[in-house]
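Have a look at the structure below, then the notes.
Per-chain residue numbering starts at 1, and chain names A, B, C, D and E are given in the order in which the chains are listed.
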Amino acid sequence: MTASLAVRGVTAVYTAPNGGSLPALGPVTFTTAPSEFITLVGPSGCGKSTLLRLLAGLQVPTKGSILLDGKPVTEPSPRVAIMFQDANLMPWRTIIDNVALPLELAGISRDERNRTAQALLPQLGLEEFAPAYPGELSGGMAQRVALGRVLIQRPDVLLLDEPFGALDALTREQVSADLMSLWTQERQTVMMVTHDINEAVWLSDRVLVMSRRPGQIIADIAVPLPRPRVLAVTYSEEFGHIAQRVRANIERA
Amino acid sequence: MTASLAVRGVTAVYTAPNGGSLPALGPVTFTTAPSEFITLVGPSGCGKSTLLRLLAGLQVPTKGSILLDGKPVTEPSPRVAIMFQDANLMPWRTIIDNVALPLELAGISRDERNRTAQALLPQLGLEEFAPAYPGELSGGMAQRVALGRVLIQRPDVLLLDEPFGALDALTREQVSADLMSLWTQERQTVMMVTHDINEAVWLSDRVLVMSRRPGQIIADIAVPLPRPRVLAVTYSEEFGHIAQRVRANIERA
Amino acid sequence: QDELTDQTFFMTFVPNIQFASIYTALEKGYFSDAGIHLTMEHGDEPVGVDLIAAGQRQFGLVSGEQVLAARANGRPIISVYEWFQKYPVGIVYPENSGIETVADLRGRVVGIPGRFGASYTGLIALLAANDMTESDLQLQEIGFNAPEVMCVGAVEAAVIYVTNEPLQINNRAADGDCGDITGVEVFRLSDFTNLVSNTVATNEETAANDPDLVQGMVSAFDLGVRSAINNPAEAYLLSAVYVETLPLPEDLETFLTAAAEAQATFLEENPDADREIVAEQRADLLASLQEQFDADTLLQFQILLASIELWDADQLGYSDLEDWETTQTTLIAMGYITEEQDVSAAYTNAFLPAEE
Amino acid sequence: MQITMLSRQVNLRMPSSRALAPYLGLLVLLLLWELITRLKIYPEFIIPPPRAVFDTFVQTLLDGRLWTHTVTTVGQMGIGLFLGLVAGVALGYLIAKNHMLEQMLSPIIVAIQSTPVVAYAPLLVIWFGTGPTSKIVTCMLTVFFPMLTNTVVGIRSVPPSLRDLMHSLRATRWQMFTRLEVPAAMPILLGGLKLSATLSVIGVVVGEFVSANAGLGYLVKLARDSYNTPLVMVAVLMLALIARLMYGAVALLEHRLLAWQSRSRRQNSL
Amino acid sequence: MQITMLSRQVNLRMPSSRALAPYLGLLVLLLLWELITRLKIYPEFIIPPPRAVFDTFVQTLLDGRLWTHTVTTVGQMGIGLFLGLVAGVALGYLIAKNHMLEQMLSPIIVAIQSTPVVAYAPLLVIWFGTGPTSKIVTCMLTVFFPMLTNTVVGIRSVPPSLRDLMHSLRATRWQMFTRLEVPAAMPILLGGLKLSATLSVIGVVVGEFVSANAGLGYLVKLARDSYNTPLVMVAVLMLALIARLMYGAVALLEHRLLAWQSRSRRQNSL
């Protein structure tokens, strides 16, 4: 179960604060191979979140089109899951119920979804917090709940908007290693926004660098490092080179 | 105008989800020298935000006491400003009005506070967005507004909770360089939470490493690098050593 | 019992001793004798008028001025039995207040429920009969709170129902519970002129198409009124089932039961006893009651007796053209109706039981 | 400005004074009442002494009348409240989703709200008779509008980011409603319910004033007309008691359904 | 589930159908009314034809009566509404801040709300006379409670994180109120205001029913008692019009004060 995305000349325009128009994104064109792991880097406000929203079918492009396995994306698809930049939890639901929400909406029985969600919590370091409410969590913990909620969907396409932003370096490494091993098993297509260049290179097959608003793709950098990758690979020379290229491109963004 | 903080045997205990008690922080004891720049690193959920809230006088310690220049902190002081982990903007206020809020509450005239706030916006890369509402911003832009709102207060003590979390690498470097130069002029005491070890070392005089919940200080690492520091210093050997020490301590946290 | 027609009878206010004649007729089976199964229904008078006019109900209690006003506004209703022969409105004033004639009210503060309804109509007619108008008084709207307002001294006189408020105020005064007032007296409208008060009304369609029904209704109603006039003690006892708040302590019940039986025997023995004799017996009954019972206990019975005075006439239920015309003149003066109508179409005596 | 302990921080509480609070208000009122009648500030028939009211209460309770009227009123109120709630929430939901519908319907709804019952009393009686139906309708009308406006505000206050989340999970309309909109709007909906539940009492009473043969509104009118002030007060106090119980029930519901709020007041400090 | 264009994404609108919406509802109603009278479903004295009502309207307008009564009612309503709002918001604020106060006051407030006016009509007349004051009081009482509950819900819905922000900036109580609590609770407060403004009309009318010699409530009663159904309808329509204008004014206010909401509906897509 894998999928490929095609983005064709997509732009997004908002109304500017002064009433004029504010081109936020594009035109952007790219395609993904099935099971590709792509990271998206670029300056703050360049349209990364907007692009993910377009891919998730939550918003329609002002121009251009988006295809999922050849079919136009016009509404959210069961094959695509998105993790938002904010944790976006329901404050009236406990942690476990927040994580299990997608299963609940899919009509899975209470027992089964609780079992599935409970099994996911230790991996996220949240096993003790199943009955807690979001208001009782720290920033990083809330983000991990949101991650759990997206992973439980087992989608073909995973859209992640700065999934590790609020995590400390160590948790971040551990959680991204977990993500990597998950991806190795399931081989979803992943599209992830991150601000950490090393993380981008270490995780992905390709790094897309975006320009300032309106964001366009100014570099499409392949990461030909062999998989599975260990953490130590970040100290390798080749890694350094690639990271350097990404960095250079960001700097001219 | 500078200040020093003394934290004495402070602990914070919450009610756990199961109804028992959840020790979140401490006991923690440390003092800051006047004008010191301190960063706080530690695993997610270890009580960093809680500590900042205690320092800001928003919450009282379950045990222990906090002194600001020798006087106990029992309520928010005009000399202390805190930037929260979330942007925490008022959605009904425009960007400029959000930034100017502290001045408004201090009774500064509309004209003057607008001028001050407007002068701050270019530095944050938000000059075009003065009349926009928070709902129209990207994640990183919102965070920059929150930063502006804390800087405009010109406090003696600056408490920053992951101020650059949602910023891309480049903006992050630029904004932290800006912060550094501001600090060089004003010499506030700064207490900042970050997950980026390099950032912590580059910015601060001292890095405090916290253990897992309940967070205690397990390492207090001085950063004797000369100031002013340029970005290139991160590639120096001494820097590498210190960063390595921080990292090693985090790993045993 | 063979088939009875179901009839819902619309009445104003809430169950009340003033409806004793109807309860008596029900309890004594006069309605079922006339082939009618009667259900009572209480509500606002205008609502009842509309229901009758629209043919949703066939009978109800409607006062004369309402009949005229309703007819003037296209509602085809007609009076078939003038139950109250005297208009029940008057002006109550404290004794020893220096008021002796209606003219003495000039310039005084007079309370009235509001500038609407029977009280207002009665006031206008009363003043007109004394060559006065509304502007001669300082009229103040007080809602239906005359006893309260008068006792706290907020008004010097008040427009009221003669059957009710004067008794209430007198009782309070007797208890020393009415400020400086020691007792009250009343100018009755019926002492000066008369208007048409409560009548049994039906719609024109029923009157035209179902005369037997109307006849039956009227005769049953009439029997009830007659019975209550002749034997108020019995009427009071029969009403207890219907009026929740009716005071009926055991000793009163015993007393009234005895009185009712005695009166029944008397009536059997003297089928031709005339109005005056029966009226005297009522006065005697009250007098002996007052020896034994306090004013609060007797209040409702007194209301009944006061009402009976308003019902009693040589021919029960009979309507005078003159009263209807006075009513119309008053309504026109008040601006309630603008055009004169043929008042003789508003009522009929045709359904009254034949005089014996 | 003072810092209080966080509710979620471990904390000692003083339960006694809290538990007494609701009775304190009543007690003060009762004493005031007794005082007023003792001092004879108003004649007894305007404000009868507590004693007289209590006697009437016991008496009407024992002869079963109070109970009968109360049951009548409560029954009609229950049905009217239920129907009004359902109608208010349903229409409120549609209006919240559709600004045009609001503009189309608001003149009509507002007109109905601002029309005194007496004006449409004949229609009410013609359409629904003098039986319970007309009272149920007036109750429904009373309850409907507060519930409607609060539903509109509540549904419109649902955070758009959570809507996005639900969309991305392809929630059906019904799921959107039950899993997001209702819980998110719950505090506001419960506020509306508090209002509606309390007003429903007066709604039935107004209906009973137009025409009735039973019910507490009828009892009030009956007592008024026979100048039995203590009985008026008994009926009124019974109405107040019903309203208070309704209010209490909603408050209890609030306490249960919004438990997460107090558990999440992480940054709560007054 | 369908995706619509974002409101903040550049977009074309169709203003014509929107602008017509409010009139459409009225038009349908008017036609229905004409139809009912044409078909003679109800006798004319229960639902008079539009024509008759219009004639009466013109006539009472020309002879100045309508105007006089309207001015009386509107004046009393304005004062009552204002006082009720102030009282409701003030007490609501205190209650929102203090759960104990709620428990103490709610029985009393609920009791007042559920007491029919007729029960305290004599007190009303004695305390406030038969002049405008008693109407202002009934209006105030009507308006007070919806505003109170919505204030409580509104103030309690203020995000605790923004409270923290304000505390950290050492906002005074007044600043807390004006800069945070009022704007944050604004959508809910405006919902309450919509309700209150509409109900204020009926509040005055109820007062005018008890005793009055002017005002639209008096006119309704007068017309009812003289069986002048067209005049009843003129007065009622006037009341509805006033209520509609009040509602419209609040909606306008809403449009202005909550502009940020529509500008921030970034992730809005239904």
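To be clear about the criterion, contacts are C-beta pairs under 8 Å (C-beta built on N, C-alpha and C of every residue); 3 or more make two chains touch, one makes a residue touch a chain.
Predicted model only: the values in this text are computed from it and were never measured.
Trainee: What chains do chain A and chain E have as common neighbours?
Mentor: Chains touching both chain A and chain E: B, D.
Trainee: By number of C-beta pairs in contact, which two chains lead?
Mentor: Answer by contact count: the chains D-E.
Trainee: Overlay chain D and chain E by their C-alpha atoms and let me know the rotation angle in degrees, rounded to the nearest 5.
Mentor: Going from chain D to chain E via C-alpha fit gives 180 degrees.
Trainee: Could you work out how far the Cα centre of chain A sits from that of chain D, in whole Å?
Mentor: Distance between chain centres: 48 Å.
Trainee: Can you give the whole-Å distance between the Cα centres of chain C and chain E?
Mentor: Centres of chain C and chain E (C-alpha means) sit 42 Å apart.
Trainee: What is the distance, in whole Å, between the centres of chain D and chain E, each centre taken as the mean of its C-alpha atoms?
Mentor: 17
Trainee: Counting only residues that touch at least two other chains, what does the list for chain D look like?
Mentor: As it turns out, chain D has residues touching two or more other chains at 1, 8, 42, 46, 118, 122, 126, 161, 164, 167, 170-171, 221, 224, 261, 264-267, 269.
Trainee: Hunt down the residues of chain B that sit against at least two other chains at once, touch-wise.
Mentor: 14, 53, 57-58, 75-76, 86, 133, 136
Trainee: Which residues belonging to chain C are in contact with no fewer than two other chains?
Mentor: 46, 50, 54, 148, 152
Trainee: Residues of chain D touching chain C in their complex?
Mentor: My answer: residues 42-46, 65, 118, 121-122, 125-126, 130, 210-213, 218, 221-228, 231.
Trainee: Spell out the part of chain D that touches chain A in their complex, as residue ranges.
Mentor: 8, 161-162, 164-171, 175, 179-180, 183-184, 186, 260-261, 263-266
Trainee: Please name which positions on chain B make contact with chain A in the complex.
Mentor: By the definition above, chain B touches chain A via 14, 16-18, 41-45, 48-49, 85-86, 94, 125, 128-133, 136-141, 144, 161-162, 165-172, 195-197, 247, 250-251, 253.
Trainee: Which residues, counting only chain D, touch chain E once they are in their complex?
Mentor: My answer: residues 1, 17-18, 21-22, 24-26, 29, 42, 46-47, 97, 99-101, 103-108, 110-111, 113-116, 118-119, 122-123, 126, 145-146, 149-150, 152-153, 156-157, 160-161, 163-164, 167, 170-173, 187-188, 190-192, 194-195, 198-199, 201-202, 205-206, 209, 217, 220-221, 224, 232-233, 235-237, 239-240, 242-244, 247, 251, 261, 264-270.
Trainee: Using the touch rule from the top, collect the residues of chain C that touch chain E in their complex.
Mentor: Counting only chain C, the residues touching chain E are 46, 49-50, 53-54, 66, 69-70, 72-75, 113-117, 140-143, 145, 148-149, 152, 154, 336-337.
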